[in-house]
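Below you'll find the structures, each written out as structure tokens.
You will see chain A twice below: alongside chain B first, and alongside chain C after that.
What follows is the complex of A and B.
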């Protein structure tokens, strides 16, 4: 126990030093599809990633201060407050962002013992250098080692994006994204890039545990893949298509999924966006640790989605996604096709600028029409509140009830979770 | 975001309307004036106001759009647009002046549409603009809609730019209002 506390203390010191260095750090920070309420249908005005999430542009930083954070003075021009470290003028070619996100999680499983976790979800330094039309973008982070003391666990996040092998006593280095890209077109409306990137599929949202992101393995926490992508952003249409070469953080190679994924989104107005996505991947070996319904055999994994982001009135944004799933395996010469569906309906209500109340309902059915004895049906309900209370700082609490599990989630997921997160960035 | 500011200008433009030969018209109901601007990366900005006045002077018609309540949905952007770019303290309105003879009105119930040229004054600059209009007579009321395209540089308005994002100088303007004869 003493050892565990020492390790935890060391980890906390490391975290504190990192924070002091660039101050605060957070995770694939930001990815707010509800920014459509402000008329921002696309993402790349505010993000370096044309499909959203991750390091902010100078404009994105400014908008965070102007329209995202609670204002304490009407019509106040934030000046340099949105700049890196609240004041630093960086060269226009350079973007820097240090993120810190910590989660305190209370798990109340059905019929089990309450568990407590402190999770350093993100401690990342991100950067982008753009010279002419060429970009170099990446992030490096640290995930502290896990320690346990009774029903309390301290751990790091993003372990699906480790540069190192399984984290040991010293923790792990995390690199969620790193890519080289070139902007193409008169208005640089195309971006061609190669490296490790978020997978273009469905609604890109910061709530990475959502079933639609976990089941399809397209979350922005650790679901990035290596590959080549081409993104387009126009006034009424945007999209991205990616050739997936595999997640090289996963070993051995048999488990790496290769194929393609993409989405297209149509924005008929500045308050409505409707999209469709498709993904097909193949791996020589299925991730039975990820989805216990799968056989230890090669797998073709399909996912097809439709989604919508709608802001009928400025305070309210509705997000919806419905995915059809198909896992196709050849087991002992016999073809097995397992269908499934997963869906999300989320409402974001901004009761006052910077203060959000969020509610979401999800469902997952893993074996629609299957004769297999394995058949998972899970429903999840979220209710949360989020306050962007100070420059570069936000605090969030959530309560989540889940009736069961789904691929990517713990097998014994049934129960209630209470989450409290603090996030800051430089 | 500042780019939006300019947008204001646009609004006024569109005001096309039709008048009958002799009857004077006056605005009724709540008008709708909007401009559409764009920026890099698919960025779109829509500015709106519901203020518009029609001054039928007989030989010509003047459509005036006060810019003080032009909104784009973001307060700071509105502030920049009105004060820094439109400079409404000195130039509070956008005005489109059209010769009555350039407009065609429906005879009886029905609708006509056409293209015409008018004189647009914004930000202390005046320039001829082409616009498209539709006039429908319904129940004794004229329903007027118009669209036009403006380049804010023609009106001496700086191109809005904020934190590395620069708005394109071209904006589209659309106007709708009802009028009685």
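What follows is the complex of A and C.
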């Protein structure tokens, strides 16, 4: 009964998304993406991924110099500073980007011993080759092995996006994305692609530990899935739908989630974007390592979201997302359905060009640890500052308090974390 | 059109497996690794059903208790060395204890005494706590299924097909750029 209902729901979502694309795909893509405060509502002008994140286009590199980082001279011509390796003129068909991101994390758990971690979050080489309308895009990186000394841990990231067995004594090769695509339409407003990609759902944000991204497993760190997607970017509407074939960087096959996900976003003005998302997946076995309250049995996982990005005045951007969740399992012949909600409200204040103050509040209420001492309701507060202080370089500090845990987060998440990150790219 | 064909040809290796060792060898390897000399160990001529639902095998069909257990220990298709290591680990148990199908006889003893047919039976019942009523909860492993594992370092880290495809695409781009210059 449940399966039939879910199949019907999947069909409805796919038909609705297809109708939305057909009805709303009307005009060529003039909208410039990346930062809604600058009036750019979409993403594909600055990023190779039409839904945002990852390797920058040549225009995106220029924008980073012009509107993102702190300027030290008035009306300075950025010249070639935004180019690959600060100076290299690449052929028009080729995009290259080398990223390094390191995090120093101090965890002060409630009632526990303070822990220190150095996390090599990203050491990736990304590339895109475009010949005519055809694209080949991918990234490859390295995640060092973990070592521990007392209360200090050195570790890599990207578990779940690994080509090689992980964690391993020699570290692991990471491939977050690799896909082949073809641009379709008079103005290449559609992109059809197949491979491993970010899952189109909700607000695509760099803060991958946000509960809305962890609980739904749609973060850009390691939450990518293999599949086929169709993205559309228009002046007033953008969106993407993806048929998910599973994450082939995990095994055995029983854990791979298959289904569909998609979002559509409407931009009534250059300062406002409102969106909706849906995702339904099925796996032969639930990830009990993500959510200890799930049974080791097949699972249908649903998530439905609404989100908004609003810039009421240029220095301020408000991001909000609200997700409704449903996990449906058949355990020993008995149907178990567990609902939940997760939400995010974030404010990004640019106090001076290149200097941002960020505040965020999150909450989660759901079926976590009903058989344990973990909270079923979690609230999180973030406060941070971010400085794009030099070409291709940025530094960020955050303080995070969490009242408990949630699916995808460590059980010991309760407490305060202090984060210091440095990011550089060529 | 020519551009599309060139792109398709260059991309084709991405979808071709870089190595094709047959998992059908697993039953025979168990016999040889364990020096099984009793009569007719492969009771049905294939022996696949100690792990798989039927002799056709295939991804996602190793759902019998012993198959689930071997997957839970990290066995992947075509990985002969991992199979050997896991069998050795079972043989080294002292005493032999792993009994994935709950029939009272350790799995390794059933294998070496040619009781493979018994190993295909799941006697654990619905309340055993594992997947589909079996006794073996699965464990998630990270790394794509054809990735190298400890002791299997001869497998290329980057699939050969991907390397050829990338080289092909770069070559095509260079040729195109040269033609444009002319």
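Assume the second predicted complex is superposed on the first by the 383 of 426 C-alpha atoms of A that agree within 3 Å, B and C clash if a C-alpha of one lies under 4 Å from a C-alpha of the other, contacts with A are read in each partner's own complex, and residues count from 1 in each chain.
The rule we apply is simple: a residue touches a chain if its C-beta (ideal position, glycine included) is under 8 Å from a C-beta of that chain, and two chains touch if they have at least 3 such contacts.
Quick caveat: nothing in here was measured; it's all calculated off a predicted structure.
Steric overlap between chain B and chain C is absent once the structures are superposed on chain A; the two fit side by side.
In the superposition on chain A, contact of A:205 is made with neither chain B nor chain C.
When both complexes are overlaid on chain A, the residue A:61 reaches chain B alone and has no touch with chain C.
Touch criterion met: A:50 reaches chain B, while chain C stays clear of it. Contacts of A:164 after superposition: chain C is touched, whereas chain B is not reached. In the superposed model, A:188 lies in contact with chain B only, and not with chain C.
In the superposition on chain A, contact is made by A:296 with chain C only, not with chain B. Once chain A of one complex is fitted onto chain A of the other, the partner contacts of A:311 are absent, as it touches neither chain B nor chain C. Remark: least CA distance from chain B to chain C after fitting both complexes onto chain A is 17 Å.
The residues of chain A lying in touch with chain B in their complex are 38-42, 44-45, 50, 57-59, 61-63, 66-67, 74-77, 82, 92, 187-189, 233-236, 238, 267, 270, 314.
On chain A, the positions that touch chain C within their shared complex are 91, 93-94, 129, 131-132, 134, 136, 138, 140, 159-160, 162-169, 172-173, 178, 180, 248-255, 284-285, 287-289, 296-297, 332-333. Interface residues of chain C, counted against chain A in their complex, comprise 3-4, 7, 11, 14, 59-60, 62, 71-72, 74, 76, 126-127, 129-133, 137-138, 140-145, 147-150, 157-158, 162, 165-166, 169-170, 172-173, 176-177. Only residues 1, 38-46, 72-77, 79, 162-165 of chain B touch chain A when the two sit together in their complex.
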